[in-house]
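In this document, chain identifiers A, B, C and D correspond to the written order of the chains, with residue numbering beginning at 1 in each.
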Amino acid sequence: MQRRQSSKNSKQPLQVRHSNQTDLSAWRKGGRTDPEKSLQNRQSRNSQVNESKQDSLEQAVSYFEKVQDRVSLKKNEVLQKHLATVESIALQKGLPPEAFDVLLNVALSGKLADAVNTRLLKSLIPASVIPETSVVSSVSWLCVSKCSGSIQLLFVRWLITVFDFIDHKEQLHALYGFFFSFLQDEKMCPYVCHLLYLLTRKESVKPFRIRRLLDLQAKMGMQPHLQALLSLYKLFCPELVSITLPGKMKTYFKNSEGPWKAAINTIRRRNQENSPVSQPLFLGTAQHQSRKRKWNTQLVIPASSANTNSLAGDKEKNHVDLYSTSESFPVEQLQTFSQLLQNIHHLEFPSQMGSVLTNPLLLHYMNCIKDESIYLRLYYWMGQTLQEECSWCVVDSNQYEEEFKDFLETIYKTECFLQEGFSSCEEFLYKSLPLWDGFCCRSQILRLVTWIPLSSFSEMKSHLYDPLAQLFFTSSLYFKCSVLESLKELLQNWLNWHVIQLDSESDSQGYSLNTTLSGLVNVVAELIHFVGWISTVALRLESNATFLLYFILDFYETVCDIYLRYNLPLLIMPPAGVFYPALLSMDSVSLNQLCYIMYRYRTNLVAAKENELIKKKILQFQFSSQTYQEYNQYIIAMVGCLWTSSAFQKDIHPQGVRLDDEVLKKTRVQEFKTSFNIVYHPAMMGYALLFLQQAWPDDNTFNFSLIKGRKWNWYLQYLYAQGLKGLKLFIESSINRVSRASQSKEGNVQV
Amino acid sequence: MDETVAEYIRRTVLKIPRDEIKSMLQTWGFLSETQLQTLNFHQTKDNISQDVVQLCEDNSADIKQAAVLDIIYNHIYPNKRIWSVYQMNKTGEETDFFDLTDFKKKFKRRLQSALKNVTINFREYEDNAIWIRIAWGTPYKKPNQYKTSYVVYHSQTPYVFISASVLRSTLPLLCQALVVASNYHDIREMELRSHCLNSLKDIAFKRYSQTFQTYYPRPLQERNVAPENVDLRIIQENRSEKERIQRVNREVFGDGPQPKLEFAQYKLETMFKSNPKMDVLDIKEPFRCLVKFSSPHLLESLKSLAPAGLADAPLSPLLTCIPQKARNYFKIRERKGFFPGSFVSP
Amino acid sequence: MEPPQREPGAAAAGDAEAGPAAKLDVLTLLRLREQMKQQLMECSATVHASEESYPDHIIEEKLIKTTTEDLEREMEEVKVSFQNKTLVLQRIQLMDALRNKVKQNDDDSRLILETMKHIIMLSTAILESQQQAREMEEKLNDIKKKRLLLKQAGGNKLLQIHTTMKKQKKELASMEVGEMLEKIRNNLQKEKEMTTLIQNIFQNIIIGSRVNWAEDPSLKAIVLQLEKNVSFL
Amino acid sequence: MAVVRPFDKLPALNSAAVLLVGSDESLQQKLAEAILKEKKNFKISIHLATSLPLPSERDHLRPRIDLIAFMIDIKSKYSLKNVEASLAHVDASFFLGKVCFLVTGVGRVNYCSVEMNAIWKLGEVYCSPVLYCELELEGIRVATAQRLLRMLQICAGHIPGVSALSFGLLMRNSADE
């Protein structure tokens, strides 16, 4: 058997021909890389790669470059060797930008057998970035379509997965027509649609393309990927796409990640581990390099190819051609606020919507834009990413919990900036809360809850309240308090949003169709009742812990002022399970806060009463007589306790403290009657003792009964001086002082 | 030195993990110590293999020496090939004395008479196993060194472990030569195949081991329960059940490590029986199907099924009899008697 | 009830208190008493429940459901009332005992006085910070309201911009334009459509011809222009 | 075979017993250890069983069981069948707040072979709360252990004023209303 000719030249090492095209160092000079980037490339290349590995890659690349066609894999060991080197280096560190051009051309030119091509395509993992020119030349090879269908399919899937790694997108957009032509291939259609979805811009939507899509849909039926592309076209040019599309398409595109995604992740993790300073991606901004390539590059607008000075040129030309269709201003070049203002009328969002979240300029733009399509695209991307990255729903992304926390934090900050909740966030919460253990990313999740948008048709009950309640009852005291706090903030956000909507009654958009006033009031009332219920149970579970009581009363501090401060016709009293533990609390702060709240309730009810008399009836929604009656019962109990020490007989509230005397006698306490007035009240005992010490310095028998008549008023002033403003407001408002001297003031305001 | 020999040596060296090349070359003994010193074992394997080829050219190695290196490699890494077990038996009871040289001579003569071009290498190892490497050629073509067959023959036992070459046709010839050389009467394949040669030996010899000391010592004393820090506040309610499972497992699988098999295959030709009489399936046609269990370490995983609570102990005899029956290919046919599944030798 | 069994084996850190060494102070005794009362109540409840005689005639499902709901609500109310009343009685006795204790003027009462003072000091601090927090929240809310107002104002402004731009465009289009200017605009429009068509056809030709256009730089440059929308180039 | 009854024995003083029933023994052991690590002021005994009924020879040794936690792994149909079979051996009065279902494997939703509403229906039919968790993760295991402990305290009557029945009602109220 004659020896294979190749094994002979295996003797002397393959010399690298320094022709211009394959010389890797020459490559960098050619491209339009600005100095900063290439420096960064050289620096990263030398530091990482040791000499021997690098040159065997170059050998492999140059070998592939000049290989003749029809070389079969099995017989040719040299080919196997080079292929193995390419694959191993790709898996370890990813291929440098220069290698892509050669490998893509070889794979797509159909020179070698399909097995080789597939292995080549599968090892095309970028170390940092993929030069756009290599993609352009490979698309042209695709047009030649010498290679087999499966290779073309694999190439398109690869292009989708590494789409964010391509350094510039200008030329890709220019090839839109070419990609579009691949739609008619049955197998490639879903992936080509996905690619087109990423590439589509306003100017690429053309009537004949829409017709083409419609015939495809007619031929192949309502495919989700066609649907997605059509809905995107409809967004850009609603007038051209007439057919109606179903609302929310759950998953548009098949998952085309394939082997590359995992490899890219491992390389990214390895790069992160061995270089603490996260190696900034080629894309220009040195933003923190987070694990998930998907949303980190998404958070960064790809550096635009056109340098800024060309922009100046555009300016003069701009105002002349009024006739030209509003050719949109590329958002990548947005640098200053003034630029934003000048081009605000024809600004178009980047294809990667994620970058909006961290770009303050775009946020300002988003703040005032009312265009549905922007939100739709942002929600689609955000929903997708939240779903995939949720660290307790997907176990293997749990070690990236830190990144997921940062991501949630970014979303929260954006919502605060826009003062508006994202519905994709709301959906994510509803989906993941039932599976949540109350522990993972707790503060971020609870903060996101505060921004659930207010709409009258939300199914909060089954989606938010149930899982939250189940967690609430079986969790620690601190979790209970943090949930109460976030629900308070949610209520405030709703009320603020409502107040503004109300003011802007004039412009029609105020109350969009789906949120009627009564609908909103019901939703807010439902939230308040829910909090009332869980607070009553929590107090019983935590045996009236003062810390918990503080958060509950804090919540009701917002509830008591809804009518006056937020102009929402709704007033709900706290349930008896909250009111009485607060009234009988051992802690002066709780008592003081309760008094303040009751005082605010009083002012709101009085104001509502007056409005009711003066204005016409329309405002009067939730004001049932029951609220007034409940308020009066509470006032009777409160005044009975604090002032007239007659609560045990007078309290008419069914769950109140009305007790007949024999029961009270059983406590073997003599004057049990006065045991809750401001002198003997558990919360006030400290103040009474100090007052006695000051009033009667010598007598240390602490005779509490001395505090009556004039001393009582001094004591009252003493209490006010101690900062108990709530108590002061309450007493001055609810107890009309018939005469200073007589102690048994009877007074409650029958409202 | 012939080109093919150089290439073959280079390829064999490339197969050896870098840090073991030095020791293997030493056991090979073809290169002198001084020559070995000149080799730098820290460069890439490509370069090492080039240098080794260079040195062999100085010593003008021939294919025979190259084959020896290959045998050494395969002896250290037997698991790279798949082995199957053959059993030879003789008619009479005469226990003649086994003579190695006579065996080699007969074996070689047998093969060379049939095929002119064949390279045969013998190598003896301490557990009196004889390793035979055969590279097959045809009367007109030189032997193909890349498609070799390997035979491991333990002279005291009737067992032969053959890793056949890709060229299927060479197998009958090889078996014939073995039978003649070891003057047995005939040879039968024992339906036992695995990558791990040692496990095959364990299984084969153990069966045969009534007269021999079992290959691996079986610990006799009762296995003491590892005193893990049993916290009295955690009570295993099903402790007795767990102990029963452990006991049953020990009886069936024994204590020591299980021999390593990768798969077990069952060809079923039994009638379909289901308690709710499915009348549609009442045709008297047996239900043919092939069931294959595969795992990196089949017997060990079968053993850990019951303790992990994934199956109830004891496992069905069909699975637990593999080491005793020394086979991992079964054919199960409908038994006339009441016994549901029965297995009949092929 | 047999005494709490001896804690066999090492008691994990968590359980130290339940170990034999736990000094059975008053608090634990009180807690245990509460426990036993609760367990007694539950056991007696089950005993009563089992004595209940079940009505022989079947009651349809919905009625049962509504009655259970009413009973549950009623039980909830009674429970709240019971808890409020027990709270009152406990607090009366507690405070009375505390007051008597303070009157005895021994070192215990001094300790009580000290803690009371400390509590008062803390409470005033809390009250102050609560007041500040309230003011801060007030300011925050106002800022939020302003932000929302600005947001709406911004939205309206942008709408105005768009409408004015459109109006401007319409004016320009409907401006009394000389016949010639109109004609120019029309055939400009026609030209544009022609060019887009040609661009598309050219693209398809290149695709159809299966030529590797990337290799020929000039062809490549042309191809890269084929998608650009025609405007004043 | 002994049917597990909630009130057939007197409760030991200041102690509580929980019974974990599930086919995945390693996760059971890990959860038990996590529970033991939590700080608690009562004596706890954790009983692990692969399925019910419990072997009767240990009946006299076993204290009163206050809470039964059935562990279902959504990745294995066998675990659901095992739990459904075991439910038959539990006395009806246990389902008044002294039983809960622990569904683990939630982190691997894409390998889920047991569909979710089968579990939801289980919770419905047996009027018991269903807690979702991913016991493979350390943090979540600790959080679940704490939640189980709180439920155990209530079922064992250690929280004055809150009975197992009322608590069961609360958890169910929130779930189905």
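Convention: a contact is a pair of C-beta atoms (placed from the backbone, for glycine too) under 8 Å apart; a residue touches a chain by one contact, two chains touch by 3 or more.
Since the structure is predicted, the reported quantities are computational estimates derived from the model, not experimental observations.
Student: Identify the chain pair joined by the greatest number of C-beta pairs in contact.
Tutor: A-C
Student: Starting from the Cα centroid of subunit A, hunt down the chain whose centroid lies farthest away.
Tutor: Checked the centroid distances; the maximum from subunit A is B.
Student: With centres defined from CA atoms, tell me which chain sits nearest the overall protein centre.
Tutor: If we average C-alpha coordinates per chain, A lands closest to the whole-structure average.
Student: If you average the Cα atoms of subunit B and of subunit D to get two centres, how far apart are those centres in Å?
Tutor: For subunit B versus subunit D, the centre distance works out to 49 Å.
Student: So, what's the distance in Å between the C-alpha centres of subunit D and subunit C?
Tutor: Measuring from centre to centre gives 28 Å for this pair.
Student: For subunit A and subunit D, let me know how many angstrom lie between their CA-based centres, rounded off.
Tutor: 34
Student: Express in whole angstrom the distance between the two chain centres, defined as the mean CA positions of subunit A and subunit C.
Tutor: One centre to the other, that is 12 Å.
Student: Can you list the subunit C residues in contact with two or more other chains?
Tutor: Subunit C, residues with two or more chain partners: 12, 79, 83.
Student: Spell out, as numbers or ranges, the residues of subunit A touching 2 or more other chains.
Tutor: Where subunit A meets two or more other chains at a single residue, that happens at 540.
Student: Could you check subunit B for residues that touch two or more other chains and list them?
Tutor: Touching at least two other chains: 231, 233.
Student: In the complex, go through subunit A and note every residue touching subunit C.
Tutor: 136-137, 139-141, 143-145, 171, 173-178, 181, 203-204, 206, 208, 317, 320-327, 344-345, 367-370, 418-420, 492-493, 496-497, 499-500, 503-504, 507, 536, 540, 544, 557, 565, 575-577, 580-581, 584, 586-589, 592-593, 648, 654-657, 659, 663-664, 667-669, 672, 675-676, 680, 682, 685-687, 689-690, 700-702, 704, 722-725
Student: List the residues on subunit D that touch subunit A in their complex, please.
Tutor: 106-109, 129, 131-134, 136-137, 139-140, 142-144, 146-147, 150-151, 154, 159-162, 167, 170-171, 174-175, 177
Student: Please output the residues of subunit C touching subunit A within their complex, sorted ascending.
Tutor: Subunit C reaches subunit A through residues 77, 79-81, 83-85, 87-89, 91-96, 98-99, 102-103, 105, 113, 116-117, 119-120, 123-124, 126-128, 130-131, 134, 141, 144-145, 147-149, 151-152, 154-159, 161-162, 165, 168-169, 172, 185, 188, 196, 199-200, 203-204, 206-207, 210-215, 220, 223-229, 231-232.
Student: Along subunit D, where are the residues that touch subunit B in the complex?
Tutor: Touching subunit B from subunit D are residues 19, 23-25, 29, 32-33, 36, 43-50, 54-55, 57-58, 62, 78.
Student: Across the complex, what residues on subunit B touch subunit D?
Tutor: 231, 233-238, 240-241, 308-310
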